[in-house]
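Please find the structures below.
In the two assemblies presented below, chain A is common to both, partnered first by chain B and then by chain C.
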Partner chain A sequence: MSADPTVPPEAPEEAAETGTLAARLALKQRAGGLVVPILTALLAFVLGGVVVLATGHNPLLAYRDIFNGAGLNWIFHPTTNIASTDAYNLSQTLLQTTTLILCGLAVAFAFRCGMFNIGGQGQYLVGLYVANWLGYEFAGMRPLPHILLAVGGATLAGAAWAGIAGFLKATVGAHEVISTIMLNWIAIWGGIWLFGDGGPLQNVANKSVPISNDVAASAQLPVFWGVQGLQGLDVGFFVALAALVVFALILNRTTLGFEVRAVGFNPEAAAYGGISVKKNLIRAMAISGAFAGLAGALDMLGYLYHFGTSDIPASSVGFLGIAVALLGRNTAIGTGIGALVFGALLYGTTHGLSSNVIDPSLAGNLTYMIQGLVVLFVGADVLILYIWNARRKLRPKSKSKTHPVGASA
Partner chain B sequence: MKFSRGIMLACAVALAAVVVTATAFGGAKAPTTQKASFTAALVSDIGKFTDKGFNQNQLKGLNVAKSKLGVSTLALQSNSTSDYAPNFNSAIRKGAKLVVAAGFLLAPTEATYAKKFPNVDFAITDYTVHTSPFADKKGNVLPAYKNVEGLTYMANESGCLVGVLAAKMAVKNGGTAVGAVGGLKIPPVDIWIAGYKYCVHKIAPKLKVLVQYSNDFVATDKCQTVAQNEIAQGAKVLFQVAGGCGLGTLKAADDANIWGIGVDVDQYSNAKRVLTSGVKRVDTGVFDAIQQAKAGKFQGGSDLVFDLKNGGMGVGKINPSVPKAWVALMNSYKAKIISGKLKVPTGL
Partner chain C sequence: MADELVLEMRGIRKEFPGTVANDDVDLDVRRGEVHALLGENGAGKSTLMNILYGLYRADAGEILLNGRRVEFASARDAIGAGIGMVHQHFMLIPVMTVAENIVLGVEPRKGFLLDERTAEKRVRELSERFSLAVDPTALVSDITVGQEQRVEILKALYRGADILILDEPTAVLTPQEAHELFEIIRSLQADGKSIIFISHKLKEVLEIADRITVLRRGKKIETVQRAGATEASLARAMVGREVLLRVEKAPAQPGDVLLSVEDLHVHDERGIEKVRGVSFDVRAGEIVGIAGVDGNGQTELIDAITGLMKSEAGAVKVAGRELREASARKMLDAGVGHIPEDRQRRGLVLEFSIAENIALHDYSKPPDSKWGWLFPARLVERAGRIIREFDVRGGGPLSAAGGLSGGNQQKVVVAREIARDPKVLIAAQPTRGLDVGAIEYLHRRIVSERDEGRAILLISLELEEIMSLSDRILVLYEGEIVGEHTPDVSEQEIGLEMLGGRERPAA
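Right after this comes the complex of A and B.
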């Protein structure tokens, strides 16, 4: 990829001044390159450290434990042997990263069309349910077609779920933030009904617990690092990496991507240019939902195999996807890195911090604190931009000043 | 290229970060091996160890085992579904001889690990081994799961005792109904309500027993809504059977100036108008399983049953406004249950 895939050459200069969400993003992307997201993350980590310090623990030691707990110290002595603790931890971190990449892309794609998809969680859950149903119901199929069926069905279900919000926005102007939040709740309660007592997808072997059936062996994704059945790292990881490439290709190399971005920058201008805004709103939401639905499918077929009703409201990967996309600034590479950061944090805080040293409740909440701080700082982009620009002005002779504002490289 | 400077700076930052981490973390030593010979682990469900009830109470049992039996302990919290397997893995990796799973949500994962690690003992709270996935359809424990012990609780017995007081109080206050607010409609919840309902009707056959579920064990507002609904239908006493969520039920009872009944642990101090609490000693269960396993008397492939007789079930602090005669009546029920004269149903 080029150094700057995020700034489309056709971005109209006026857009930067109109103050729309997409325009602000574009401005920010021009201003800070990679520095702003790194600053954002660093600030969040520093403030998270202050919280750890306030509880009477050494934040540096805590971060070291998180780093090791996430298996990132694997790079100092790499091995493919899963019996090594570092290798196991890394495989688990990558498993989380897989989900977060796709949930991040689900948010990022809608963002590029000027929409805020808060419904990643609902779309993820719908994908999870459909993958579970297809994976159980069609037991006995040959593995490859079965996996393709379950993954395809779940992806389409996620797309349809998000498509509802896109359709409502395009036809009656219902704001996607409201409709996706409501669709999340429908997905949550729908799942509780499906897997709950007497529900159609409840476990047939044990009717006394509200847990779904297990996905048949023929639909389980092959594990390439770890032990099949013991939550090893499955091939879904490569699917997520491929999704990053697909995301970048769609946005930057296709007519569809051009139209989506044009609508995102300025719907009026896009419409004036002959692009159907309504069509693109629906398409962008559906593609967003497809990423989230795919995440649900890979989780279900990759390592979960079953899901309980109590697990449904406790799941929050779809919301973490928002932080991932914001940190990754809605680009493919950024989302990939953001997903790794949050995947490592999520796994490292839960499994790296010893419960004898740091209270497990604090350890678990540290991830969410840092997530919240990232969202806060990204939301407060103006502040970071201000600091960034002030730094520029402090320099006696700035070459960048000779460039006209907003000119592309 | 105006971006090159930014990228260079970013690379410099990243490089510095890598160097710092390499020097700071590279020399980190592996954790020292445990000194005590026996290690017991407890894996929470997604209710977490901070749920003021089910999980937290089991953690208490683990900590008591640590101080009284001198065993090493590992408390592993699951913040999400994907934490179950790594928590079992890390317990076994760190040398746990006994892994206790805190509830039915962990049953499928525990089954996978129990099969894979036959030399490690496993126990599971609130779940019988005589059902799937540990047993065949007839309830015979499969050979692969002879290392799994179920820890089951006769909560219907305690449910009956609090039902006696609830019925008395409702009748005294001229009410026509009492209520129960469950978490999920699952056997560990329904067994409480079954005993409660049975004994409410023993005392006052005409009282209606309202039963509704919040579908949540954590969010207090959901239980509060369901509770308010039952209060609107005339309930004068509410029995909460939803863990941390049920604190919302107790609050609703406070607000409406009726009575609430706590569950699992003694919740007398969690609200102003708590009549009493149905106490289920899941801490005792964890402790007993560890004690057995440490002494080499672990009974894999069977259930360890806790009831009023062996003190695994009980009743919490009773509000002083309850007349002595009622307490005596309740104790007569307790004696009848223990002697086997009164059989309380276990299901609704």
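Right after this comes the complex of A and C.
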């Protein structure tokens, strides 16, 4: 590293001692690398398995059937007819993954700016509503402009919704956790009013049910795997994959991302560097909300087409985005993988499981258990790092390429 | 009795991957002795003490306590054997009282409950015995840093420490507090306690220590008596070559006024007026030093000049142009460079790479970026150049700044500010916490930047630094400039003004 070979490297343990707690934690997390998220997930799955075991079933069989039920076994024989059950299951898993990628990015982006966006659910719902309204109201437009209008409108609506929380934080210091939770409830009850009896967006053809209008055919996203109108996998999947790339590019390749990361790591140093912290808080929240709003648009235009008031409180993908982002360490690749894991769980546990393999009342809840455990363990990151480092301490002679154990003392 | 050895460390070796932190180090400490452990950052002082305190295990060597061989598996073992350590960063619980903090873990109990009264009584006895004045019932969040340090010392004494390790104890103290600490150390010494005093400051080591052991790059260089040791001889042992302790500089040749501060008034966050009508000029090619005791408005003055804080009244002109409603961005663009007083809290984003930190001011301009699009390769390329030019060691452009040693972190900050070619350079505590070698480098650099024709405003709590670098000295007291001097003024005169003017004698 140093140009002069006669100069030995400075002892890193003393350098680390001068660091702040946050800096040391960041160094440790880097040292933990891939290990910690994998351990986190593994531990969550093992504990989920213990519960399966407690209900008198074999967890390995249960996980195997969830894996198969999610259609992931299709990858072992991808040449099979695309209309096979496995292929269909996989398309459904990927449909869930699409939504979860975007809801995960909504949480991850705010995290990178030092904020905890718990309002992904509300931003997703607002996107859903606006996409429904634009998709119905402007029926008769040519498909491409109609889709762009509805997707763009919903994305902006999600951005504005989250932007409120960012604005409140920047101006009066209201904590984003509180304000985004509040905004979630406003989004839920707002939707129930919009689509409910006598609501402005209630289905015009049938005034007896509290449900929205149907999205016009011109605004529906084309399906490329499966049957249009029967919940086939639509092109929104590629939009979500592209969003992962956009997320990584914004953060690492733009001045906007540079500012977001600087503010997220150290707002005081960012201000010293000439960066406006307030502007970035608002902007980062808005971009977060844009991802969630986009998720709502893709779901509405991709396969839902309409939404009833009873569906609103039942939806929880926005919250699942938190676990996705935490498991994915707020990175693009991590969020993609996290979304696939939870997408497979979400679909695999609610579909085609035999009661011989898993208690049916447990199956659907297994996803939420694992979600909760992941959030818990990520919170207990430090503990896992501690155990990991202690394990390495026991074998000091092992050739470790990461930071010396001294850095953790 | 006086020469009785209480501690011997023999042939201590400790390796970390890629470096040998301690290489065959010997250390012996006598009863009632203040033994200084001197060395640059990274010399292995902390490692050696962490081994003694049971935090690390030595790869080789032995420790003898009162002639008996001991092995510590944890700090608990070391404490049990009568060793106490006061770390640089205090480990107190702010919401608890002084007494509660001191007895924590070894509390006197009444049934299941803490016996508050006994705890307070014992703490009071202890603090009287060693003349360590603290109020046992005060909350730790309400006491000063100097008092927190006393609480840490009491904590160690309460656990029966006979050997007390003080890790860079003066780093966080004001000169007055440091003076009081030395009084405390002398009273502990009189009571037969042995003190290991870790430091890299030559002056204080010569003031307080009986014997001095110098470490360099993990090896013990020598153990000397204080009598006969000089700053120059210790510096040579520490750095391994002759060190210029005095800054050599030609007389200043001041040019145009580049920074002009006129009747500046600044309030802090709580609305208290901290800067009260300050006016001064800094010319091209001169170093103006601002001396003063911490908390007399230095921070607010710097923040107002650099646009990080709004001023209530007054003007700041850079090269003759007044900057109204100034922001940090405007000041940077007007040509003000700023080496901040706290490099880790403000000067660097520790999680960022060195390249990103060097781009912290200019990331939004070409060639770093265009139309909002960042060119990381250019950041890395420039950082590589600057790392070579400023001899930053311990990492390349892509290493995290947090992984560098303090001296190298400061080099990154200084390099960034100078590389922007500022008209005005504000250097706040530029050498705080750095070792002799790094200080020598920074001082030379500041003088050479002056000779390049920059206007330099130096703010430092170290009077010695102000005296040796400045071409003109201003004294700041309670938010006002109370004196202006040429550098041939006596230290006493300035010291008096720093403590509140001539009319009030220093306490």
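Everything below uses one rule, namely that the second predicted complex is superposed on the first by the 357 of 409 C-alpha atoms of A that agree within 3 Å, B and C clash if a C-alpha of one lies under 4 Å from a C-alpha of the other, contacts with A are read in each partner's own complex, and residues count from 1 in each chain.
The rule is short, and it goes like this: a residue touches a chain if its C-beta (ideal position, glycine included) is under 8 Å from a C-beta of that chain, and two chains touch if they have at least 3 such contacts.
Bear in mind the structure is a predicted one, so any value in this text is a computation, not a measurement.
Of the two partner chains, chain B is the only one touched by A:64; chain C is not.
Of the two partner chains placed by superposition, only chain C is touched by A:252; chain B is not.
The partner of chain A that touches more of its residues, comparing chain B with chain C, is B. In the superposed pair of complexes, A:92 makes contact with chain B only, with no contact to chain C. When the two structures are aligned on the shared chain, A:199 is found in touch with neither chain B nor chain C. Shared-chain residue A:270: touches chain C; no touch with chain B. Of the two partner chains, chain C is the only one that A:262 touches; chain B does not reach it. Across the superposed pair, chain B and chain C both touch chain A at residues 3, 399-400, 403, 409. Within the complex formed with chain C, the residues of chain A that make contact are 1-3, 7-20, 22-24, 26-27, 30, 252-259, 261-262, 265-266, 268-274, 276, 399-401, 403-406, 409. Chain C meets chain A in the complex at residues 16-21, 41-47, 50, 55-56, 88, 217-218, 306, 308, 327-329, 332, 338, 340, 344-352, 356, 359-361, 363-364, 369, 372-374, 376, 388, 391, 393-396, 399-400, 402-406, 408, 433. Interface residues of chain B facing chain A in the complex, by the touch rule stated above, are 1-4, 6-7, 9-10, 13-14, 21-22, 24-26, 28, 31, 44-50, 74-83, 85-87, 89-90, 93, 104-105, 107-108, 112-113, 116, 131-133, 137, 184-187, 215-219. In the complex of the two chains, the chain A residues touching chain B come out as 3-4, 32-35, 38, 42, 60, 64, 67-68, 73, 76, 85, 88, 92, 95-96, 189, 192, 196-197, 203, 205-206, 208-211, 214, 227, 229-231, 299, 303-311, 313-317, 346-347, 350-351, 354-355, 360-361, 363-364, 367, 399-400, 403, 409.
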